[in-house]
Every structure is written in C-alpha cells, then in structure tokens.
Amino acid sequence: MLSFASDYIEGAHPSILDALAKTNLVPQPGYGEDEYCRRAAEKIRAACRAPDADVFFISGGTQTNRIVISAMLGTVDGVLSPATGHINGHEGGAIESTGHKVLALPHRDGKLDAAAVRSYLADFYADREGYPHMVRPGMLYLTHPTEYGTLYAKDELTALRQVAGEYDLPVFLDGARLGYALATPSSDVTLEDLARLTDCFSIGGTKVGALLGEAVVFPRGNAPKHFFTYIKQQGALLAKGRVLGLQFDTLFTDGLYQKIAAGAVRQADRIRAALGELGVPSAVPSPTNQIFPVLSNEDAAALAQEVIYTFWEKADEGHAVIRLCTSWATTDEKVDALIAVLRRILGGR
Amino acid sequence: MLSFASDYIEGAHPSILDALAKTNLVPQPGYGEDEYCRRAAEKIRAACRAPDADVFFISGGTQTNRIVISAMLGTVDGVLSPATGHINGHEGGAIESTGHKVLALPHRDGKLDAAAVRSYLADFYADREGYPHMVRPGMLYLTHPTEYGTLYAKDELTALRQVAGEYDLPVFLDGARLGYALATPSSDVTLEDLARLTDCFSIGGTKVGALLGEAVVFPRGNAPKHFFTYIKQQGALLAKGRVLGLQFDTLFTDGLYQKIAAGAVRQADRIRAALGELGVPSAVPSPTNQIFPVLSNEDAAALAQEVIYTFWEKADEGHAVIRLCTSWATTDEKVDALIAVLRRILGGR
Amino acid sequence: MLSFASDYIEGAHPSILDALAKTNLVPQPGYGEDEYCRRAAEKIRAACRAPDADVFFISGGTQTNRIVISAMLGTVDGVLSPATGHINGHEGGAIESTGHKVLALPHRDGKLDAAAVRSYLADFYADREGYPHMVRPGMLYLTHPTEYGTLYAKDELTALRQVAGEYDLPVFLDGARLGYALATPSSDVTLEDLARLTDCFSIGGTKVGALLGEAVVFPRGNAPKHFFTYIKQQGALLAKGRVLGLQFDTLFTDGLYQKIAAGAVRQADRIRAALGELGVPSAVPSPTNQIFPVLSNEDAAALAQEVIYTFWEKADEGHAVIRLCTSWATTDEKVDALIAVLRRILGGR
Amino acid sequence: MLSFASDYIEGAHPSILDALAKTNLVPQPGYGEDEYCRRAAEKIRAACRAPDADVFFISGGTQTNRIVISAMLGTVDGVLSPATGHINGHEGGAIESTGHKVLALPHRDGKLDAAAVRSYLADFYADREGYPHMVRPGMLYLTHPTEYGTLYAKDELTALRQVAGEYDLPVFLDGARLGYALATPSSDVTLEDLARLTDCFSIGGTKVGALLGEAVVFPRGNAPKHFFTYIKQQGALLAKGRVLGLQFDTLFTDGLYQKIAAGAVRQADRIRAALGELGVPSAVPSPTNQIFPVLSNEDAAALAQEVIYTFWEKADEGHAVIRLCTSWATTDEKVDALIAVLRRILGGR
C-alpha cells in the first residue's frame, strides 16, 4: 500500500549506507572521538559559517531537546514554548522529567509571535526581579519547521531574538526537520542566519535521510560546561559514535542534506497543487514536506483504504485534518499514484 | 597500527549492513512498531525459552541501565551494585540523575557474593521494616561478563537469586557484553538460565557486532507499567526503531550472536595462551574477550608504540594493568601480528 | 497600619502557644514518633470518621503538594489541575522539579468541572491504551477553597470523583485553607465527605491558626509505600515532629480548628456586606475568608494609604482586583476600622 | 525515665517561647520578608564578621543539605563527603533525589583528611580535564561537629580549604550541631573562621535550642542565583517565616546560642569524667555534647532499664557502642542521676 505516513518510514539515503559499508572495518576510537565526527563537525561549521561552533551528535530529537534544554536552563527556570511545541505535547513529559516546566504560550500555526513573548515577559518582570514564587522564563524554544510544517521568516526570527535578548534569554531552535525549511524556495532563513539568531539549534538527521541522529550546534562555542559528560550521564552517548558522525559527514558533503530535502518539498508541492485543483482546503499553510488537507470523514475513510497517512486531528464533527508527508524516498511514481487516488476519491465531490 | 583497544572500534558485522541495505526501501511504521522489531523479539523469546517475555530495544548500554533501573525502583529505593559496577563508576552518575542511590558493595573480580549481599540486607532489616532514614535496597544489579571480563557460574547466580528473593528484590543483569559470556566454553550459564534467574536482563548489541542497540528482556512479561512511554520520556525511543529491530533480527538468526562472540573469545584465548607462555601475569582471571595482562611500565610503553590498547589501572609504581579486547572483526592475522609483537617485546624479560 | 494582607500575618492561636509552653520539657522521641503526633492523628481520624486513615504532618503547603503528588504519581504520569491551581502557577515549579508535568485544564472561578475533565480523558483514551507519546493523566488535583476562595458543592465533588473513578485516577484535594471551607455556612462538604470522596487531602494549619504545618490524610490507610522515608528523603521530616503534632492536637481539640475558621468567615461576611452596600463588585463569588473586590485604580491607591492588602490582578485598564483576607486574629475592632475606611473612600463614588 | 537519647527530645529554650508569645500579634509579611528574619540575618552577619553574607532560614538539616548542595553543584557534579557524612547514610538518599552522586571518601572519626581529598582529586584529574565518563567532584561537604561529635582543628580546615581551592571546589560545612563546636573549650574554630574557610555553612537551630530551623550562610554574598525561588520550589519556604527568623534573632541575642551549647558541653564533660573514672572506653574522642561509650551487651541492657539512650553500632559480638546526648535542657540533677546509675551498673565490673 502507498504510504505517506511520515518521513521516517524508510531506511537511510543510499549514500549513507554506502559510507557505512566503505568504512566498516576502519578502526576508530569510540564515544564521538572518531574522525567522521570530527569531519562532520568541520563541515557543519563551514555550512553555518560559524568557525567557533561546538557541534555534538545525539541519537534522536526528543533526546536532543531534553538534553539541550535541561543543560541550558538554570535550576528554577522553565522554557517558553508555543503550546503546540513538540516538547509540550509529544515527548511524554521529557522536559519535566528533568525538573523543568514548559511555559506554554499561544501560537499561530505552530509559531510564536515576538509581541506575545514580550507581553509574557513584561508581566513576569512587572516586579523588577521577576515574581519569585513563579517559574522563571529561562529560554525560548522554537521549532522550524513547526509541527504544522510552517516556517518563520527571517524578520520574525529577528524579532524573537530581539525580545529574548532584552530579557537575557537564550534561544534554542529545534530543527528536527530543518532540511525541509532550508530547501523551501519561499523561505529566506539560512543556516548562517540560524547561527546568528540562536544560541543553539539542532539539525535533524532522522527525518531527513539518516538512520538516526541529530547534530546540535552551539554557534559561538557556547556549549554548556561539561556538556559531553552530561550527554553520557543522560545515556545518550553512543559507543560507536562513528555511526552518527559518518552520517552527518555524508549529509554535509556536496549539499546532500539540502538536496534530499529539496526533492521531498518538490514532491509535496506537486501534491499540494493537486489538492488545490481538487478544491481541498488546507488546515495550515505549510510550504514544507508536510501537508495538512481537511477531508470529510467519508473521504478520509475512503482514502485510508488505499493510502497510509496520519490522522492529525478532528476539524469538526464531519471533517478530519490528515497529514501527508514526503521524504528522500518519495519518487515521482509514488506521487503520481497518490494523485490518481486523490482525484478518483475527491474528484467527484 | 594494530588496535585491540575495545570491541567497538569497528562498524557492524557484515550481515547487519546487508540486512540494512536489503530492507532500506520497505516502508515500516516508526517507534518500534515495525516488523523487524516484532520478529527480533520473537526470536529472542525463543532463544530464551521465555514465550511471555517483554522485549524492548534501546540504543546504548548506559541508556538501558538508566531506564531499566529507574523504572524498576520505588521512589525511595537504591540499587545494590558491586563497587566496580558500570553504573557506579563509569556512567557519569546516570543512575543518580534519575534520583536513586547506587549502594556499592564489595566485589571480587567484579562479582558480588551472595553472602555479602545477605549480610548487607540482614543489617538493613535488623529493624523489621528496614531503617527508615536510609535508602532502601530496591534491586540487585549484576554485570555478566563483569567489567573485568569475569563470569558468574550458574550456582553463584542461583545463590544471588535466592537471597534477592528472600528480601523481595528484583535482579537485573547488565549484559552489555553478554554474547561473550554465552560463548565462553567454560561457562554454564545460558540465556534460558538468565530468563529464569533474573527479572530483567539486557543483551548487548553494540559490543557484539551491531552498530548500536541493546535488547531488554523482562522474561515473565513483567515490564514496568507504561515502559514504552518511559523510554519515550527519557529520549531513548528511536523514530526509525527498525534500525534496532533489524540488527537484533539478524543477530538472532542462525545463532549469529553467539558465533560472533565465539570467534572473539577464541582469538582472546590465543592471546591469553601466548601471554601465559611468556609468563605475563593476569590481573583478573577473565575467560571472555577481554584480557588484563600486568606489564612493567617499560614494556607497556614499548607495546604502545605498536599496538593500541586501553590503560586499565596502575598495578603498583612499576607496573600497569592494560586491557586487550577482541571482537567480531578480530582476524587470525591480527592476532598473529599481536602475538609476534608481544613475543618480541616481552620475550627477553 | 491595618493589615488584611493574608491569613498568615500573625503568629499562632494562643491555645497553641500555651500548649507549646506546657509541654516544653516533656521528653519525646523525634521524627513524628511522639505522643502528640499520635494523639493528633487519632483526633483527625475521629473527625473524619476514617478509623483506618494514615495521617502525616508536613511543614508547609507547597511541601505537602510536592511530596504527596510525586509520591502518588507513576513515572510517566502528570497531574490534572485547574490552570489556576496553586501547583500550576505559584509554587515555583515544585511539581515539575519532581519530574512530573502539570496538565492544566480550564477552570471556573478556580474550580474544575467534571464534564471538562471527562472530555480531556476521553480524548486521551480515544486510543484505548491512551496516547503513548503523551504524558498520562495520573491523578486529579483540586483546591478547596480554591485560590479564589470558592468552594465545591458536595454534588460537584461527587461528579469529579465519579469521572476520576471511571479512569482509575486518584483524587487529591489541597486543603491549605480547608478550615474556612468547613466553617462556611453555605457549604455542604464535611471532613467525612472528603474522606469518602478523595484518596488524599490536606488539612492546612499554617493559614488556620498554626505557626506552621499541614496534616495529610490518606483516608483508607492508602498512603504510598514507604511514605515516611520519602518525607525524610525530600527533607520535610522535622526532628522535633512534636511541634507539628502538638499544634494539630490542639486544633482538633474541642473543635478549635473550625471555631478559628468560623470567626474569620464571619468577619469576612461583615466586610462583604459593607462592600455590597457600597456597590463594590466582587471579582469572584468567594464565601470564605478571602474577598476579591474590584476597585478603580484611584480607589485602590487611596485604600493602600490606610490598609495593607494584596494586589491580585488587573481587571481592566482602569480597575484592579484586590484581595482582603481575615484570620483567627481578625477582631471586630479591626473590621470596624476597615469598614470605616472603605465607607470613607468608596462612599462618595 | 531519664532520657539522654538526643538533643531534640525537648521543646525550645524558654527565651524562644517567650519571644514567640510576645510578638504573636504583630503583623508581619510572609515568606521571610519579616523584620525578625532581617534582624536575625543582621546579627548572624555581625557574629561572623561577614557584612556581605547572604543568610537564609530553612526548617531542617536534611532540607538544608539537600537544597544547598543541589543548588551549588553543576549538572554533572557530585559531592565529596566522608563515607560517614550525614548526607551519605542518614538522609534517605536526599542528595541523590536531586540528581547528584555522593562521592564517599574514607574518614577518621567522621573527619576528612586533606591528603585523602588531594589524592582523590589528583587521580580524577590525571587526565587534565578530568575523566569525562565519571561524576565530577563538584564540592566538598564536611560536618562540624561530625556525626561522631568530633571537631576539625583550624589548621585541618585550612588544609581542606587549600586543596579545595586548588581544584576550584566550593566547601560546604554542615553545622547541624554547630553550637556545640563553638562552645567546646578545646576548639580553636570560630564563626569568623568558618566565614573565611567555607563557601557556605549552616548554623543548626533544631539541635541547639530552637523548635526548628537552620540558618544558611553564604559568607561573601555568594548565594546561588535565585536561591529564594529554589527554596520555594523545593517546598522549604515557610509562609510564616517569622517563626524561623524570631528564633535565630533570639539565639543570636546576647550570645544565647553559645551559652546553650556551653551548658550542654559542660554536662557532657561531667558524664565523660564519670565514665573515665569507671574505666569505660570511648569509641571516638568526641569533645562535644555527644558521648560514645563502649559497653558490654549486658551492661548496655541493664542501662536501658533506667536510661533512654541511642544504640549506635555493634563494637564486636560482646560489646555495643551507645550514644548519650546532652542539650540546653540537661540539668545538673539529670546528670547526677545518670552518673549514679552508671556507677551502680558499671562500678562493680
């Protein structure tokens, strides 16, 4: 059956498997001290034009959020997040398990607004020192793309950075699907911008062609003290760190990371165009590799007979928001087949 | 340069890379719901003759210890461990980071003795309810092989199980290198024994031929409630769970797991024989894939010019304990070369 | 200056100081094993008609919430709370510091509605096992009186108990100001009802005439295992536990606890009546010892010259909600004086 | 029955009860903002000649250790403690519950030796950055008096301070019974020395005449950032902070704190002298208010018929170490009576 369920239903981009095979017998030290990690970090620094950046590799996205956020927060701090932020709803309480509160703020299509952040902070600091019986806002968490596939524009990020700076809050940007953001033609945000406008960001591998792995970038060499030991303590240090290093080395060679993502966005655009022609509304204006059509419950049920997708949420009693997702492995043929099904089911409405 | 530094200096056994390549494009659900995880669990249940076992896959050994132990302990419980236990010294305080104390007990060559455990527990329960201002001993942690490569005999495990049972303590056996234990000719402990004599044990993949991954077995379907969500919360759930499942599926097909380990132990036996002929003492009587010769500081320095090994600890002012380690990738040729070097350096002493 | 800032601005009810003086030289064992704790627990069991209740004494309200909730929750559980619940906003992230998320629900005047709770739970359990990537709702937290001084009616509590029971959730009722609830003439909820309708509740001493201290009641002998040691571990076990025991022994002798509260509610009623005559609106319909008048910013400023009160929140640009609070130490004279000031300032509006 | 079980079997020194009674109706702000806390802090600063000191009041000793240590440690740090340190054995795992390991070092009569600390640190830093898979030693914890009633000499403290400084470790001294140290004639360590030689120390009230309460002193204004909020988050902030402030205000007026302790030490000296005359050996050379005679099991049993004492530990099969403790409430008559009993039971041996 056709599956557009997510961007992690297949294995890895073939170049990664090739690289694993080629280097398999080369002895390397463990725990991230191997030459592939070193090389991958070098390439990421270059791509971000951040020569002083600290770069670490961690196995998954929740792991990354959990470790980065708890390492950057002070003891009595919480993290400001859009209410829809991945850390607030879909990580099983990972942040709270480290002892910190997620301070959920209103969002628009998954995005925070600088004015809303400023208003929250102004209230907290109405008393000059901040209200001492409440959780202190200790950092700003953003996702890019968001959980709804939407993107910040550069001036939106700049405004958020500005307000965070006024209140001395570091900014962490969760880039679990960052490749798709970078590869979206209408987006004006580059890796270099992220290195300038955040204090830490992650570059997701798992959902952009790797078997597993996220790169964590502290762009100004500003990793928390003893961050390596913290990764170890939290159980996230792989003995064969080479597995992560080699994948990012491959992804950041000859622009593979963005090529993979660009292909997926192009296929998503084709699906979006077909849905548009069929008059299917979109729940959110996502320009990346995730698409959120609103279908009648009947159409959704009919589609489920032929295509694996993700049920996202109820739109109203009669309609559902579903999610279709493309990836490095989404071929023209698969998309043609999907569009044919969509036309057949939705064409006669 | 020759490297016997550890059993994780190379990539994965070639069968694993093959399996990854062959299944790369097969769409699978995420988060461990894929068919490879299901199949691997089935094969592990069969190998353990534990048809009701709960089986989970986690990326690394410290991660596994951290999650399993904290999930099995009650709020005020600590974990009894040999002082040399991996959790006590080499995991960056991973257990304590979950809020629990490691209660370190005296060891012999890395092993706990049932009598020492009983004496500790009898003291704690001198007051029938246990002393309420102290950390309660809540479970028993063992490693097999130990950090020194030594093994429990079946009657030693049985005795530990017995005393743990008397005090209602579950037993968790950390098998980060379990394959080498199972493949050691002189050992009488089988997977089936472990399923019977423990409440949980891990089957290490990372150090026995996998890229990464440990299987966690609760042999009587006795996984802690909501253990899956706990893995997620702790950041240890891989989106592409297939990567773990497929590796264990491969390792538990046609006895590959034990074959890999048996080869490594055989090569270690050759090195041990050569060291014996050279009259080099061993710091501990390890029969598995780790060897701990005691060398003079001069010999150790000379050896370091030609072979990468691990410095283990100072034996005395003039001598060092070093560790040599074999793996699935240790060939006859590599061992021949090592033995030649050893004879050259140590032969004339 | 007149102060109606809170119910903890004075020391203790004189009977408590007398009891401390009288027993001062009587040797007693430490850590809550003294005879006063035993006697206080006996009297509380009798007052609740809960002969099997486990009763503990803890120094403060946040301490109590933190310890009780974290002891009752499972590892991956969060606590359902009205968004205005004390644990969600005013305890510095105490619950999260124990690793658990506060799942904030909409409220009305500080109260949860059974229908809203049922709707949340039905959504979570749409998938029969509950959504495994999300925090599990693990218990229900209520305050009575609420942070707004409002009270649950017995049928409201019964409905909440019903829905909690359907989903196997324990109910914990935070009674930091419980005395005022019990002493409010219009309330139909008794200690006996609480023992029947909750799995745990606290009886606040600090804000009802004690120097410090809260009693925690597990009405069916259902205290979490090793709760005593958990109190110790969390640093909340007083060496001179007698100080807590003696105070509750005194408060639960001859109905002193309710007498103290009844006096305060009566004084609050006098103030409410005066405000009503003056046409001052109330932000919430609190019938207990807290009063929340809405004043123009000018009137609020004028009042602040003569009376210490608590600024509660902005009502709109021109108006403020303030809080006035009575206690065991609020005399007729003090209230007369306050009413005179209120009439002078607000009379001519 | 005569009780020498501990120094917390009675209530508070009468001056404290008087002060509570006298100030009972004076309205004061809550949460430590009252004038008694302010005054007590001022007097403590003066007594320590530490005009910039930050002073906080916390309800109990374990609470204090738990909060101070976890606030001062970095994320991956552990605390160096003598193996007999209160935090290592008798606080129910309080430190570990905050995520940090207690790194237990060998002791002599409860005391750490600067050379042993230096040796541990030199090993850890054999690799210049410290071994990154292990818990980092992050601070030094001492008790004074120790759990065995023994005291550091000023030059011992100076040596410990020196080695800690070399490795950039803060020193925290747990003074749960500090008064008795200050009042011991043979001791050369003053409050002023502690302010100079530590980064934080506590001044115990509970065991030196208060109902409850410990003062925490950061002598150079070096309290961890947002320490007040951390106290709140950990549940240790009393609403009626006045109760703590007033007690320390009283204890630090006219030298009451040391007077109380001096009386207790004098009575302990009388008991020590009597035991000496009777030829009873002492398990440790404690010069403070705790005495640790070694009795035959028969004598211990006979004594238990007439005097309440604490069983400390088994000395050998035939002998027990017991503890006798004096306090502010130990009168000449009580000690006369005890000595008479001791002579009767032990005299004819």
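Lettered A, B, C and D in written order, each chain numbered from 1.
Operating definition for what follows: contacts are C-beta pairs under 8 Å (C-beta built on N, C-alpha and C of every residue); 3 or more make two chains touch, one makes a residue touch a chain.
For clarity, every value in this text was computed on a predicted model and none was experimentally measured.
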*Tally the contacting C-beta pairs at the A-B interface and at the A-D interface, and name the larger one.*
A-B
*Farthest from chain B by Cα centre, which chain is it? Let me know.*
C
*Express in whole angstrom the distance between the two chain centres, defined as the mean CA positions of chain B and chain D.*
42
*asked:* Based only on mean CA positions, could you tell me how far chain A sits from chain B in angstrom?
replied: 34
*asked:* Can you compute the centre-to-centre distance for chain A and chain D, using the mean CA position of each chain? Integer Å is fine.
replied: 51
_For chain A, residues that touch 2 or more chains besides their own_ = 76, 91-93, 97, 99, 132-133, 229-230, 232-233
*In the complex, go through chain C and note every residue touching chain D.*
3, 5-6, 8-12, 14, 17, 20-21, 23-30, 59-67, 91-94, 97, 206-207, 211-212, 229-230, 232-240, 242-243, 308, 329
*Residues of chain A touching chain D in their complex?*
31, 70-71, 74-76, 99, 132-133, 136, 224-226, 228-230, 232-233
_Quick check on the complex: what are the chain C residues that touch chain A?_
76, 78, 89-93, 96-102, 132-135
